[in-house]
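After this come two complexes, each holding subunit A, first together with subunit B and then together with subunit C.
Showing the complex of A and B:
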């Protein structure tokens, strides 16, 4: 035996890490979900290869990454367009491709969007910690040694259930609707009102829905800080610590909203204006530092319809993938 | 409708938060623990996370409707009973003061007590773990003697060591991981409270009781 198939990282920044669809059911221990910030892109990347949609891949965040395949395999890239090349051959985004041992994949920092996702046939086979292969970057466990990637890292690849059968030259699918195509795009996400919405005056509601917010540069996987006008409640709101979830839009006393995300603390106490619907969280994962963001009000029914639309997109990816791979 | 005093609000399309307008109290906290235990067994409920006098329930909207989960929560608020036998007493050895208990003297000055009195009062009380969260394994604990209450720091410290024995406002805590924090540190324990490889990963669970023992006093 020669041991598991591997990929070797030749260059990476610590912003890039191994992620799957996250850790669930351990929030009561104070452990957050982690996981891909753009779960649509990771899911699509996996489905292109015939992987389970929640297999672990590499989240490549706004920075270059180079790696070498140490075994024959297949891979796919979805999400932001990092102008990837395989041994110099350009690859479009949302594309699957076969790779031979020794070939080198290079991904650049994207010009639009924020994160690209690399999936490999069989998934990145790091140990499962509390039900997930995601890296918890805040606490430092899971993924590859509980940290972001660095040159010299070797990541094991799992054995695919069936050979991926990628056609010569590879194949691709269309990105989901609303994928940012230019740097100037403003992202819109739908939001359901939360418990303290009514504690803010009407003028603050108006401001909340109409402002083109700007993502502050100190935003990260823990949370997004937004620059814009201050939202001040009618009276100061004091809350006891309670569980919070990715997508919760809080308003700290200074008045600028922040959105809690995948690596956020599991409890908080700031007033909650709203919650970004689950189906739109991936759009936040593609929002660039300094990028524009608008909130649009949604009902629970609209949120559920948006979930169904995401599922329909992924079902389409799965169908296209099976057709292209003739399985 | 039963459980009318319970305020149930949506946290997005897949979670409900339960709270009341009553002042912070032990009896309600026991109800939330019992509700959490009950809710975890309901079809479609993915997680029930007790907070400080509140409960967050995460559900799969494809498997359960918000209305059905809310109705069940209101009934559980009225009916669920916490079994006191579930509670354990954990003794935590503490090295008070010194480099990792850097706020002991500050708290003594703030409270108008000697550092020895602060340590005596802090280690004589029995604490109850209300909730675990924020960071892995962190217990929000009630039972702090009001003489030791001290508002959090205006500017959080960028690094508080794992094992720090801390207070923030009227709450007590033990920091299981090294992290930024605005709470004050009175000492340090070598006891581990979080281990990603252990099952369960957190030493303390809601309902546990905690006593601190004076291992050493460094003035």
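Showing the complex of A and C:
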């Protein structure tokens, strides 16, 4: 072996990038979190292979991706079903598989859901920048050369602690409950009231909770803009800029809410109607442009229970994969 | 291990660990303990005399699923299959193990029902090679 094991990108769009679970602890420098928009799918993909759940993988966003493995390895695909094939052989979603050097993996744009995640045994071994391998697409650093992927890119693969033993034909796990199964599915996320909730009249509250919002096409990893009725506060709200987190639902003066997400600025000054609970952010990561979205009010306790349920699912994925890999 | 007390003990351990099926082979004896959490056919025997040709066989233990929980259609498509292709799944809890085509060919009717509990070597489909 003359160098690290590699995968070579044969075709990709700039919407696809190297992501892990994000860059925490540096927001005070104005550095956003980045990271997988569907952290459940990336975590599951890693756990299928016996990786750390936060190992870097490739986020494949609503577009095709083809790559060639330049070394024998194992990989997994979770999240939206991109009807993947390995040398033409169809692969199910939420699936782990062995690959030989020279084999070609092809993933298509999904028909339901928005993002698929590719993990490889040992993880994508791009340099760690400020504690993370995630691509910060807004600022242009981290990941692979700080940008989305393109044909010709070669990505190094880390060395797994123990090469996973993948049975013939591979194995998989059932997706988490709530994974969109058709293009027409409406996504529901749970929301906790935020600081300026009381600055809006009751009619705006009613509208916020009852509307089937539509994801506008100018939405991206920075934030989601929602089309629907306007939410107007009782009187104009002027706030100094303050720190914001992914999941914050802001209401700009025009009244259509927007949700700040992984590549958002670290602070903002619009009034906040609510915050999508952390446990449901992955559902936003699978929401398609033009897709329907509803907000359901939740308490802090319900948010913690939802997080525990996500953890229980991932623990189950880990158990199932150890059983299949006989470790 | 076949007295009621031992069986109850084993069943308790199976329930605690989420185990649906336990198979024990000892000499010419063969035990299969099944936790009946949901109503589903347990019989794995082919409903009709097996046609000639190749068979896809279960390579694990689980409940037969003809389509992936994320997909609305069965995997078998138009009937033409490729060696190594996933034709169905055996589900045990979250785990999905593939039922694989043993050769290129055309798939015949299913020899077990959706939800049937299958074990190692149970036949799932007949395949006409070609």
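The rule we apply is simple: the second predicted complex is superposed on the first by the 326 of 327 C-alpha atoms of A that agree within 3 Å, B and C clash if a C-alpha of one lies under 4 Å from a C-alpha of the other, contacts with A are read in each partner's own complex, and residues count from 1 in each chain.
What we mean here is this: a contact is a pair of C-beta atoms (placed from the backbone, for glycine too) under 8 Å apart; a residue touches a chain by one contact, two chains touch by 3 or more.
Given the structure is predicted, the values throughout are model-derived calculations rather than measurements.
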Clash or fit: subunit B against subunit C, after overlaying the two structures on subunit A?
fit
Who does A:182 touch here: subunit B (first), subunit C (second), both, or neither?
second
With both complexes overlaid on chain A, does A:243 touch subunit B (first), subunit C (second), both or neither?
first
Go through the superposed model and pick first if A:129 touches only subunit B, second if only subunit C, both, or neither.
first
According to the stated criteria, A:275 is in contact with first (subunit B), second (subunit C), both, or neither; which is it?
first
Identify the partner contact of A:27: answer first if only subunit B is touched, second if only subunit C is, both if each is, neither if none is.
first
Subunit A residues in contact: does subunit B have more, or subunit C?
B
Touching A:192, do we find subunit B (first), subunit C (second), both, or neither?
first
To the nearest 10 degrees, subunit B and subunit C lie apart, as seen from the C-alpha centre of subunit A, by 160
Of the partners subunit B and subunit C, which touch A:169 in the superposed model: first, second, both, neither?
second
Just to be sure I read the superposition right, which of the two partners does A:161 touch: subunit B = first, subunit C = second, or both, or neither?
neither
Determine the nearest approach in Å between the Cα atoms of subunit B and those of subunit C after overlaying the two structures.
26
Contacting residues of subunit A [partner subunit B, same complex]:
24-31, 129-130, 136, 138-139, 141-142, 146, 192-195, 240-245, 247-248, 265-268, 272, 275-278, 300, 303-304, 307
Listed in rising order, subunit B residues that touch subunit A in their complex are 7, 9-15, 17, 19, 24, 36, 46-56, 58, 61-62, 66, 131-138, 140, 176-177, 179, 194, 196-197, 200-202, 205-206
Okay, in this complex, where on subunit A does subunit C touch?
81, 88-95, 112, 167-175, 179, 181-182, 313, 316-317, 319-321, 323-324
How about subunit C: which of its residues touch subunit A in the complex?
59, 68-72, 75, 82, 84-86, 89, 91-98, 100
